[in-house]
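Next up: some structures, all given as structure tokens.
Consider the two complexes below, in which chain A is the common component and chain B and chain C are the respective partners.
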Partner chain A sequence: MGGKVTCTLGEVKNRADLIVYWGGNPAECHPRHFTKYTLTQKGKFVPNGRKDRTMILVDIRETPSAKAADLFLQVRPSKDFEVLTTLRAIIKGQRIHAETVAETGLTLEQLQDFAERLKKARFGVLFFGMGLSMTRGKHMNSAALLALAAELNAFTKFVAMPMRGHGNVTGGDVVMRWTTGYPFGVNLSRGYPRFNPGEFSTVDLLLRGDNDAALILGADPGATMPQPAIDHLARIPTIVLDPKVTHTSRLARVHITTAATGISAPGTVYRMDEIPLPLRPALKSPYPTDEDVVRRIYQAVAKKPAWLPAGKGRRNTEAN
Partner chain B sequence: MASKRFIMNAGRTSKQGQQINVGKDHAEYQGIVSTLTMHPDDMKALNISPGAAVCVRSEYGEAVFQCKEGKVPAGMVFVPYGPPTCRLMGGGTEGTGMPTSKNWEVEIEPITSESK
Partner chain C sequence: MELTITKNATCTFCGCVCDDIELHADGERIVETKRACILGEAWFKNHTAERLYPDALIDGKPATLDDAIEAAADYLYNAHLPLVYGLSNVTCEAQREAVALAELIGGVIDSHTSL
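On to the complex of A and B.
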């Protein structure tokens, strides 16, 4: 099964009476989530706000988000897939042995109660974070959760949504999708998009040393990626565009300071439910916008002669 | 000095998020990403006092952190992402494009004046 049954955060605000956060810590990482969309807001079909909603938190440790939860389920590390699969089996009425459930850190009774709450919701949401998608199992964990959300629609309305990380990371995915058909890990070197995570994704390219230059826009891989990938960025000509000096700026050959989007530069940001929001700058900046810098680099590169040998280059293709 | 194996859970904190807007060069940010939270019983077992330095080794590298007591399950430690966690992270993505960013197996050893 593939795909994602989802909705907008506006629908969550107006309709959701069961909120599940799985492998995420919104109290610290998305501090406005509870108050803007999921818990305390009064919605059209949840007029009493927090009183009309139930929140369940699933995580491997008791984070500050647990204080806001009605029910906290502490799963053993790397056992999320087993818990999700067991929930799917319970919902389908299959037999489960209590001893096989014990390794997850939860009891069969806890999971049966959880499954019952999921089925009885009027409108349920499964929000999932990096605690699910970046641990052992990775995309298979996400797929199991998305399948659970889809299967719950046999009983009630249920949706799922990833808790996206840094500002506008959703925008990167969405724009790549509507321009190339793929969300990330896209190779355009042949003049058309090819998608292959593990081969064309950034960390893999850097680790293998496949690329001989890098342009980093609004990201700080020098503080987030594995050390061998960082070491490769330091070896090759790396150019960073960022409003601030970052760890990546320190290892780059060139750092270009740009205006901060949303503060001193206009633009569009995508919310985690993929709704585009226009940004109007409140202040002026002496620095150019990212868009200005990229456009000027593009224009300068376009003036250079084609690097491919005559007869094999882009110009020849265009002439045909 | 004895060492012990732990599950290292890296993540983000709100203090870290606030500090990013001040600047990653500040000592406060460096302090946040170099502080490891451990269960009090584990600290006693390893004879680590609050604020003491520990050496964390993974399959891929090692880094030094300051240790503090906190609300984590026994056998697990929590650290905010940053340059020290980059040194512990493996590069393999298993075809997904993303390295495993949480739940690494690590070995933690207190740093004493002898080991310095």
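On to the complex of A and C.
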């Protein structure tokens, strides 16, 4: 998602007077988002905290997060893209017909009021969740929302931020970006990085049966992926590193138990706004960390003859 | 047993990554998680320092760490297009090692982001 207009959660805390959550349910999925970063905190330019801020929730159903919102807008399922494009058109002053927006579940008045609130904000932020980025339209929805945030800067200061899920997914994007130039789905089989979502993304690779071995760490695809993808993981030699014996471990050839990240393994993780934070583990694990195990596998492979002819740029990203 | 107190511990359960948690631990498990939300508390209490699982499993049977590392290296080395996938619940340091390994074995590296 290159080129997004964004900021840190610290800026949201100190400046944001309009907070929009789109397709996310922070009350249940990011429970401290409201209290630690967005709504209730007093900030430098929002000294009265919640009183100085307006929150709008956009979703397809009324989740517990609606209770925290000043305004809840219920969009018909799979109509987020239409709502976003209509908002962009209104903001550009184009004429919209009431009939054409009816299919979105919102009226033209609601959309005009929404657009007006967005323009009038002093510092607005659009947080978007998987209800937007994982439903019909997918990354096109995210792109429309990011474009909306960028275009609103013609009127006021506006930013957008994805509500990233659990663990260190954000760190994964960041690390892959600075080591390979791409955020995910990077194919290194030619000795240099190639990026093509849909071709080199895991589910597509597994469904086509392209991979003939897999190393899974920090995830349990055996519990989350489509069944045909799981079937392929069971067919090929799969290796799992995890603090527990997971669903994937049960279908794998090799499982290695590792220390739990942040609980007994130290290191760095990225917050959803791409701020790196150090971990302070409270326990000592009897198991090695993922970092140690991956490094040892690397060293074991490095002892074998190289698969590329010598001198063909083999170790650009070498970590050791 | 004396409780050890870890101040400003970091919770990695959700993208908020709250770094103001106070953990009280008795050496084997975390017994108190000040300031964590219910999800964070469950996450911290769900993992202990006990030895609940074998060091490693090969074909479902307990194995030593050294043997499992050799087996993993063999499988990955012999594959034409190995996949390195996941990277959610691991540190950036581990992710960095994983990218290096993916390059060495000529594989694809991917995370939850692609789902």
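Everything below uses one rule, namely that the second predicted complex is superposed on the first by the 303 of 320 C-alpha atoms of A that agree within 3 Å, B and C clash if a C-alpha of one lies under 4 Å from a C-alpha of the other, contacts with A are read in each partner's own complex, and residues count from 1 in each chain.
Please note the rule applied: a residue touches a chain if its C-beta (ideal position, glycine included) is under 8 Å from a C-beta of that chain, and two chains touch if they have at least 3 such contacts.
On a predicted model such as this, the values are computed, not experimentally measured, just so you know.
Of the two partner chains placed around the shared chain by superposition, neither chain B nor chain C is touched by A:G3. In the superposition on chain A, A:G185 makes contact with both chain B and chain C. Legend: residue contacts after superposition of the two complexes on their common chain; A:G93 is shown touching neither chain B nor chain C.
Looking at the shared chain after the overlay, A:K244 reaches both chain B and chain C. Note on chain A: of its two partners chain C and chain B, the one contacting more of its residues is C. Of the two partner chains placed by the overlay, only chain C lies in contact with A:V293; chain B stays clear of it. Once the two complexes are overlaid on the shared chain, A:P31 sits against chain B and chain C alike.
In the superposition on chain A, contact of A:T202 is made with both chain B and chain C. Overlap of the chain B and chain C interfaces on chain A: residues 29, 31, 134, 184-185, 197, 201-203, 224, 244-245.
Of all residues in chain A, those touching chain C in their complex are 29-33, 36-37, 134, 163-176, 179-180, 183-191, 197, 200-203, 205-206, 210-219, 221, 224, 236-237, 239, 243-245, 249-250, 252-257, 260-272, 276-291, 293-298, 300-302, 304, 307-308, 314-320. If you check the complex, the residues on chain C that touch chain A are 4, 6-20, 23, 25, 27-30, 37-40, 44, 47-60, 65, 68-73, 75-115.
Residues 7, 9, 11-14, 17, 23-25, 33, 60-61, 71-73, 76, 78, 81-83, 86-87, 89-91, 93-103 of chain B touch chain A in their complex. On the side of chain A, the complex with chain B involves touching residues 25, 27-29, 31, 60-62, 74, 77-78, 130-131, 133-136, 138-139, 184-185, 197-198, 201-204, 207, 220, 222-230, 244-247.
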